[in-house]
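Chain IDs A, B, C and D follow the sequence of writing; residue 1 opens each chain.
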Amino acid sequence: MQLSRDDLLSAYGTMVTIREFEERVAAEFETGDMPGFVHLYAGEEAIAVGACLDLEDKDVIASTHRGHGHCIAKGCDVEGMMLELFGRKDGLCGGKGGSMHIADLDRGMLGANGIVGAGGPLIVGAGLTAKTLKTGGVAIGFVGDGATNQGAVFEAMNLAVVLDLPVVFVFENNYIGEGTGVEYSVGSGDIAGRAAAFGMPVEKVDGRDFFAVHEAMRACIARARNGEGPSGIEALSPRYYGHFEGDPQAYRGDGEVEKYRDKDDCLKIFRQKVLEAGLLEEGDLDQLRDKARKEVDDAVKAARAAPAPGKADLMTDIYVSY
Amino acid sequence: MAKKTIREAINDALRQEMERDERVVVMGEDVAGGAGLDGEEDAFGGVMGVTKGLYGQFSAARVIDTPISETAIMGMAAGSAATGLRPVAELMFCDFMGVCFDQILNQAAKFRYMFGGKATTPMVVRTTYGGGLGAAAQHSQCLYGMFTAVPGIKVVVPSNAYDAKGLLIQAIRDDDPVIFFEHKTMYDLADEVPDEAYTIPFGEANILREGSDVTIVALGKMVLEAREAADKLAEDGIEAQVIDLRTTSPLDEETILESVEETGRLVVVDEANPRCSIAADVAGLVAGGAFEMLKAPVKQVTAPHAPVPFAPELENLYLPNADKIVAAAKEIAA
Amino acid sequence: MAKKTIREAINDALRQEMERDERVVVMGEDVAGGAGLDGEEDAFGGVMGVTKGLYGQFSAARVIDTPISETAIMGMAAGSAATGLRPVAELMFCDFMGVCFDQILNQAAKFRYMFGGKATTPMVVRTTYGGGLGAAAQHSQCLYGMFTAVPGIKVVVPSNAYDAKGLLIQAIRDDDPVIFFEHKTMYDLADEVPDEAYTIPFGEANILREGSDVTIVALGKMVLEAREAADKLAEDGIEAQVIDLRTTSPLDEETILESVEETGRLVVVDEANPRCSIAADVAGLVAGGAFEMLKAPVKQVTAPHAPVPFAPELENLYLPNADKIVAAAKEIAA
Amino acid sequence: MQLSRDDLLSAYGTMVTIREFEERVAAEFETGDMPGFVHLYAGEEAIAVGACLDLEDKDVIASTHRGHGHCIAKGCDVEGMMLELFGRKDGLCGGKGGSMHIADLDRGMLGANGIVGAGGPLIVGAGLTAKTLKTGGVAIGFVGDGATNQGAVFEAMNLAVVLDLPVVFVFENNYIGEGTGVEYSVGSGDIAGRAAAFGMPVEKVDGRDFFAVHEAMRACIARARNGEGPSGIEALSPRYYGHFEGDPQAYRGDGEVEKYRDKDDCLKIFRQKVLEAGLLEEGDLDQLRDKARKEVDDAVKAARAAPAPGKADLMTDIYVSY
């Protein structure tokens, strides 16, 4: 743990912002005022934040359908995100994308993606840009456990190795793809091992432990920045909400989520570690949570008050010129 | 006869065909759900709940959950169909065809021809399409045109529960590959649906409303909009003949042409984007086959040439609807 | 000005754009060739030899050989385009789009709209299409219709070397994703082609022959057949106006409609299968936009609704050609 | 080596038939009378024959663009094949398929395939049929080294493992995919290892040695027939001809092919082994070669004399009914 106090505050602040964001989105979605499909990231915050803490704007991430956490970790504007989720004209994507396609190229966030696995090849492209234009940037692709069974992801891993690109794959193993368990869907049961067989180092870490994720990612990112090619981590941590909002989660065991929230929660683990080590105070952490809560609350208020896009917006942004 | 939703009608069809023929198997992502987890079996029964209950009756041997590997799913369907099964594969959203189109385009569709007639590939792909749920650009497309363009495939786009059941049973019994499109907003629509199995032949459009002033050709959900439009037009004294295509491949050219020969006017309605669409296809057909009887320009009512937007306000503007059909019809039949 | 083949014209365009802009990179299977082997470097220069020599000039950093992984190639192109490169990816045969369509359909094409205008994706996919080499069902298709249907993409189908160079340079400089179709039998066709770089704007059809009796709209290789047909028709006193679409998206609707308004008759020629084709699309356009001036049914001359057969005798029967165009034109303009 | 004399004669006879077929096709293609694209299998005969010797009609194979060897090994009619390659009406596919789509479902030959990697998912389907209908059959998928980088193949391996199907993958490593070497295109350089990471046993064998291939396949096939799930072999053996006929093979090293033909030839290795072990006589082997040569010559004569398909055939065989 060689992180500065500022880093620790930033890490917790971002994690708790994601948590507050997702819990609030769950509540807002229940009101029926939020359109579309929403997939929540609560429970996995340590992965996104551990992976992105050391990234810069020139670094690029490709996300998944469960993208809010990655967005916030990569520095996207929370109010802009909330506006987008409500389909507002001033949302991050002008209300045209929504939760499943939220993106911010200026922040190096190449988009959530409604197509499972599609981010794999895209992030290889971002890696190619970094290598070709010598930007010094790295490219991080988030891939769910279920997504690791997609042809696109396999091809992407191989191509990243073949071209020796500055790419890091973050396999987010939350045990479930939609309603199917990893034990069923991944033949070998071993995501990291299968990925490593493509010819790159892949470390398995406890995704509930921010420090473990961050440490492993530090090595991967350094490798990539030094021109030593791709690598990956498999980070294990459960999701707390259904696959999508509205999912009754019949595939879960009794009390499963409660157990996770109680015993495996990444925020609790973080708190415990920094408090035990005397690195931060309770008050610091509570303050960050309150700040996050307020930020999210303000965002919801702004979003609810904001105008929807209209007729003039329907046929813009399809082409640069046509 | 009982009222059944489209969801129930499709479930009925699957269950009855599985009972009738042990070669019929169902496969896809979470067609049961819960595999490898601690909760309930058959936890989803398909993400839209359409296959619910089949797992309990037919077990994992015939209701096959798969990893998220659409190419392997489609290929498994094609390969098993060519070797003796009659698989019904679920592709959760037709938009995902992008990741697995080869197994349809270059494999299933072409086996029979490439192999000189020595293969049959009796597979069905059930998939969802269409807008209206705020599912945005990657989960709302209407890709039946892309399949209609491919020789060797049949394409079904039912508009009601009765048709859904009869056309799906036909699809399962059919010896050619069939893509079956279900509109994601229509599953709860109910209709009189017989309990027993029945088939509806492909390539026979359904004339839903007689009328001599204008022909409205539509498919899938647009049939509902076309009927509503016809009612509104009738209020203004314009009698529209409404034709539900039911299948786009084969296409019932005869019924379309005969109708246009009667009315002299055509509006084609298609929820898809306009270019190379079913709307364009039917318009082109009529421009060639019924030109002499045409009294006015052929109108196409489609989504615009844009991806499907997320915000409900935009999506509403985007989707074709009864009012747009009425406006188009009035332009040529007022 | 020197005569150059289409192959040379395309090579010219790539080389000049790569010299001009370091962000332009070429990628694909064997675009150089010989990687990891004991023989020559740049052993292929593309399986059709189109990229030959680029590797020597620009090295492996900008002429990127890939594994046989089309999804990863298309995705790498899309992802690199959205982050600052201007990639030109080669897809050996357009038929292979089946294995990687998602990266075009759902990614490259939709980024800009889904992201509210905040992304640009300046990528080009060069690919081959068409019959005539006995390459059969999986290596002879004309899939430009499938791309034309997708909002967000531009589609180019050049018919000669001059256009190929100018349109490809335009494509590379264009900030939207472009699919560039090269007919696999036309690479050796030569033409006057300037040495210097030049662009041809998209959406401007080329009127190749004036004539007032019938309009013949064609694209790609069918332009050659259309010109031959026009010459034959002239012998019988029928003067055809021949329009080369050059790009199908954007489509130069104006030129088509104006021509039909002049001639009152239309034959559309498309090497693709008929359903939801460019032929149908143009026929539908005219049925809506130039109906009042149409004097006869619109004729579509296309391949039939069948996969491309292998045997040369069948392939000859299968492909549209000048004689079929002449026959269609005479039916409406005799 | 527990093979009977009949098995040995059959194995050599099939191998030499493939060789004679391919050498003759090369010559016929040069005359310009054979249409389309042709990919020759010469050099790899021991793989196809080692893999297929124990198969029955109920067993199914899925082939590649380089499919003649698989066809002959699986029992397809040589004359029917030659007619097909010439595009004749009575060819195996009525002249509609040609070399790249040659197939014979009655023989359990599910087709050559013009789409690299597409056979992977298809053979999983054949495995599913065998398992579901309890035919006792096995399903063998041939996959080139280049094809092992295709998403379709990765997905197929995983699905075969997940569903525990009677499938055997035969990875034919001839070092080259079109004009690109395995060392470049396969990130890890290790096809068998990468495949094994999907959760099935995959053995690497000398593909020039019929006995090695046959032995390894015997275990895989037994496994599959016993319901023990999928497995694979990686068999290494060079191809002698260009990627397609007409390919100048500039990517080859000097004298590379000559060296292979001289030192690594699977027919020579077979001859040497059976002669040394006293299992067969020179005369047996020569007789088989002569028989094969005559069979191929007859096939060419028949094909050259046979009628092409015509107008009546163009629009048949698209649908069963339409």
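As a convention for this text, contacts are C-beta pairs under 8 Å (C-beta built on N, C-alpha and C of every residue); 3 or more make two chains touch, one makes a residue touch a chain.
Just so we're clear, the structure is a prediction, and the values are computed from it rather than from any experiment.
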{"item": "Least hop count linking chain A to chain C through chains in contact", "value": "1"}
{"item": "Fewest touching-chain hops separating chain B from chain D", "value": "1"}
{"item": "Between chain B and chain A, distance of the C-alpha-averaged centres to the nearest whole Å", "value": "35"}
{"item": "Between chain C and chain B, distance of the C-alpha-averaged centres to the nearest whole Å", "value": "30"}
{"item": "Distance from chain D to chain A - Cα centre to Cα centre, in angstrom", "value": "45"}
{"item": "Interface hub residues of chain C, defined as touching at least two other chains", "value": "66-67, 69, 71-72, 95-96, 98-99, 102-103, 106, 110, 113-114, 136-138, 151-152, 304-307, 309-310"}
{"item": "Sites on chain D at which at least two other chains make contact", "value": "93, 95-97, 101, 113-115, 118, 149-152, 155, 158-159, 162, 184-186, 318"}
{"item": "Chain contact graph, described as a line, ring, star, complete graph or other shape", "value": "complete"}
{"item": "Chain B residues touching chain A - in the complex, by the definition given at the top", "value": "29-30, 33-40, 43-44, 47, 65-72, 95-96, 98-99, 133-139, 304-307, 309-314, 317-318"}
{"item": "Of all residues in chain A, those that touch chain D in their complex", "value": "149-152, 154-155, 157-162, 184-190, 193-194, 196-200"}
{"item": "Complex contacts: residues of chain A adjacent to chain B", "value": "35-37, 87-89, 93, 95-98, 100-101, 113-118, 146-147, 149-152, 175-186, 249-253, 256, 308-311, 313-315, 318"}
{"item": "Contact footprint of chain D on chain B as seen in their complex", "value": "22-23, 25, 61-62, 64, 66-67, 69, 71-85, 87, 102-103, 106-107, 110-120, 151-152, 154, 174-176, 203, 250"}
{"item": "Footprint of chain C on chain A - complex, ascending", "value": "60, 62, 91-97, 101, 103-106, 110-111, 113-115, 118, 120-126, 128-130, 132-133, 135, 151-152, 155-156, 158-159, 162-163, 316-322"}
